[in-house]
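The same subunit A turns up in both complexes below, where it pairs with subunit B and then with subunit C.
Right, the complex of A and B next:
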């Protein structure tokens, strides 16, 4: 397996956030994780990224244990709920940030960043500072900044939570297109049922510190705990009135 | 509606009367006095006091020293405070240490100057310690750290006062600007702790604190008690030079003191407006 998470446990104070959580993910796949607030989604992602330490359990990437590897050496990018663009850098420099860390040549940085801006449909926005961009544009820059370093795993923590419906739909399509194009293994966390079904090649439910991965989306739909049946019932009732 | 406007103009008038008017009157009087048009011994319009100040060299050396002392003090205190906050940002936000940081801010400048004098003078504690350790054979071997032409004692006193203030400032900005989250994000993008500090945290902290740093710079340039006790006879910082000339027995020196005051105010105001406006433009393009 490309990414293997085994028996992860994490407790904050008296609250056990993760309980012997395990799952595996193949390379180049996007897994949606549906879960309510407080279900431990963010903690799981931060442990995989190396930003939190588990109390127990292992994270393996390409068969290698990652527990002792610091975040900056994992090549696993974690994106927050908000774009968190560096406020002192313009859109171009935000996207180029990871390339400058890797000491690419100026010409290569320019060429690759401009290509990324083009893919993100951000032509003409390169010199704008974060506050001069719309919410959707800021999120695109954040994706560009993450994708340009070609991470082994991309972790997205409810990235569209703050966007309006129309922008959210456009961003979902853009993200799917870009992740598929760059073949990056991705975990996409959301509390939106429809978004979870739309985004993932694979789908999982996180509840009370445990993660259940479904064989098929049909299994996910059938499981009463996911809330899909309830949702279907709601719309059926509305239609039949 | 008319009442609202009336109240607004009355508030504005009161504000101007209490702030701008006294300053304008002070500058006006200083200008008249420096040109021989007002005050005791007014001799009629003349620019000779201005010529004496501008061509004498004393004022420029004094201004240079003031700039140097303020620059070194703010630079050193800024570096120390940044290092402390970067090392352990949470430590300064809560707990005993965060309270302890307020203590030096409560000390009057004269007390700090006195403490620094007791520590760094030839007969001070550091000199005695150096003697006990065999590093010096007497007072004459100990370097001049107070009343010296480089202003080392003045800088030490200001660094002592400014560092806790900057630590509090940077620690609060670290929290309000969510720099911990930025640092984590930078780490997942491949940044080491050092790269994260250099490329993200320090630039954001300095940009957000820039107006405060400029104002503190001006405060240090114009400080009086510390350079009075710890400064050299020549050159003196502008504030000490001005007061010395004002208190001279020779009445001809008094208009020069007013000319120095006006010049100093013009330099500082111009620098502050230039720096703060540049920063406001940069900030407004990102807010």
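Right, the complex of A and C next:
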């Protein structure tokens, strides 16, 4: 397996956030993780990214244990709900940030960043500062900044939570297209049922510190705990009135 | 019309003390109720240019002490505040940082003078530097505690997952993001040191004559012309720093 998470446990104070959590993910796949607030989604992603240490358990990437590898050497990018653009850098420099850290040549940085701006449909916005961009544009820049370094795994923590419905739909499509194009293994965390179904090639439910990965989306739909049946019931009732 | 009048009135109110000090710094022989001195001279200013002049030495000493204090308080405060902000005992550490402000500087100095004497730090510049740092360093810590918030931590973590090591993250993310705050802190710590009188007088035991101490000395001697000159010199560096601060902050924003 490309990404293997085994028996992860994490406790904050008296609260056990992760309970012997395990799952595996193949390369170039996007897994949606549905979960309510406080279900341990963010902690799971932060442990995979190397931003938190587990109390127990292992994270393996391409068969190599990652527990002792610091975050900056994992090549696993973690994106927050907020775009968190660096306020002192314009859109171009925000996207090019990871390439500058890797000391690419100026010509290569320019060429690759301009291509990325093009893919993100941000032509003409390169010199704008974060405060001058709309919410959707800021989120695009954040994606560009993550994708340009070609991470082995991309971790998305409710990335569209702060966007309006229309922008959210457009961003979902853009992300799917870009991730598919770049073949990056992705974990997409959300509390939105429809978004979880739409975004993932694979789907999982996170509840009380445990993660259940479903064989098929049909299995996910059938499981009463996911809330899909409840949702279907709601719309059926509305329609029959 | 009213707006313009208000603008000029405000500018006049700000500039009037400077103008008055400037006028008196060129004067000699003033008697009440005359509006201006009877004699105009460059003698007071020429005093500054002589290498043995106390005033010139005080000016240089004050500039060095204040620049040193501002640099140390800003740098140390920035780093220390980060550790405190993310520490589980954040509140307790912060309470410690407020401790020097419980007493007036003079009382603090009187309390500490014995220890300074025993350590050989009384009556010399290193002692005054250390004493002023006791006030300015906690100020830097308190000032930057708000800067190190969850958002800044998230940015730091984001930079790490994008491949930035601690040094790169510090130089490319944290330092530029803090540029405005660093400037303001430097400016304010400079002012704390620049106008510090109580601690400097007691720990310096009259041997470390900063410009502020000199102004009080001239006033005590009823030497209004030298006091005016020293006061003008005292007001100019903060005014210059304020202008630089404004330029940089407006450029940044």
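In the analysis below, the second predicted complex is superposed on the first by the 241 of 241 C-alpha atoms of A that agree within 3 Å, B and C clash if a C-alpha of one lies under 4 Å from a C-alpha of the other, contacts with A are read in each partner's own complex, and residues count from 1 in each chain.
Just so we're on the same page, contacts are C-beta pairs under 8 Å (C-beta built on N, C-alpha and C of every residue); 3 or more make two chains touch, one makes a residue touch a chain.
Note that the structure is a prediction, hence the values are computed from the model and not measured.
Aligning the two structures on subunit A places subunit B and subunit C in clashing positions.
Using the contact criterion defined above for the overlaid structures, shared-chain residue A:102 touches subunit B and also reaches subunit C. Of the two partner chains, neither subunit B nor subunit C is touched by A:56. Touch criterion not met for A:216: it reaches neither subunit B nor subunit C.
Once the two complexes are overlaid on the shared chain, A:71 sits against subunit B and subunit C alike.
Applying the stated contact rule after C-alpha superposition, one finds that A:173 touches neither subunit B nor subunit C.
By the touch criterion defined above, A:129 reaches subunit B but does not reach subunit C. Of the two partner chains, both subunit B and subunit C are touched by A:87. Here subunit B runs into subunit C after the superposition, and of 1-9, 127-135 or 163-171 the stretch doing so is 163-171. Subunit A residues in contact with subunit B (one complex) as well as with subunit C (other complex) are 49-51, 70-72, 74-80, 84, 86-88, 97-98, 100-102, 145-146, 149.
By the touch criterion given at the top, residues 46, 49-51, 70-72, 74-80, 82, 84, 86-89, 97-98, 100-102, 145-146, 149, 151 of subunit A touch subunit C in their complex. Across the complex, subunit B is touched by residues 49-51, 70-72, 74-80, 84, 86-88, 97-98, 100-102, 129-132, 145-146, 149 of subunit A. Considering their complex, residues 177-178, 181-182, 184-192, 195, 199-200, 203-204, 207, 285-287 of subunit B touch subunit A. For subunit C in complex with subunit A, the residues that touch the partner chain are 151, 154-155, 157-165, 168, 172-173, 176-177, 179, 252.
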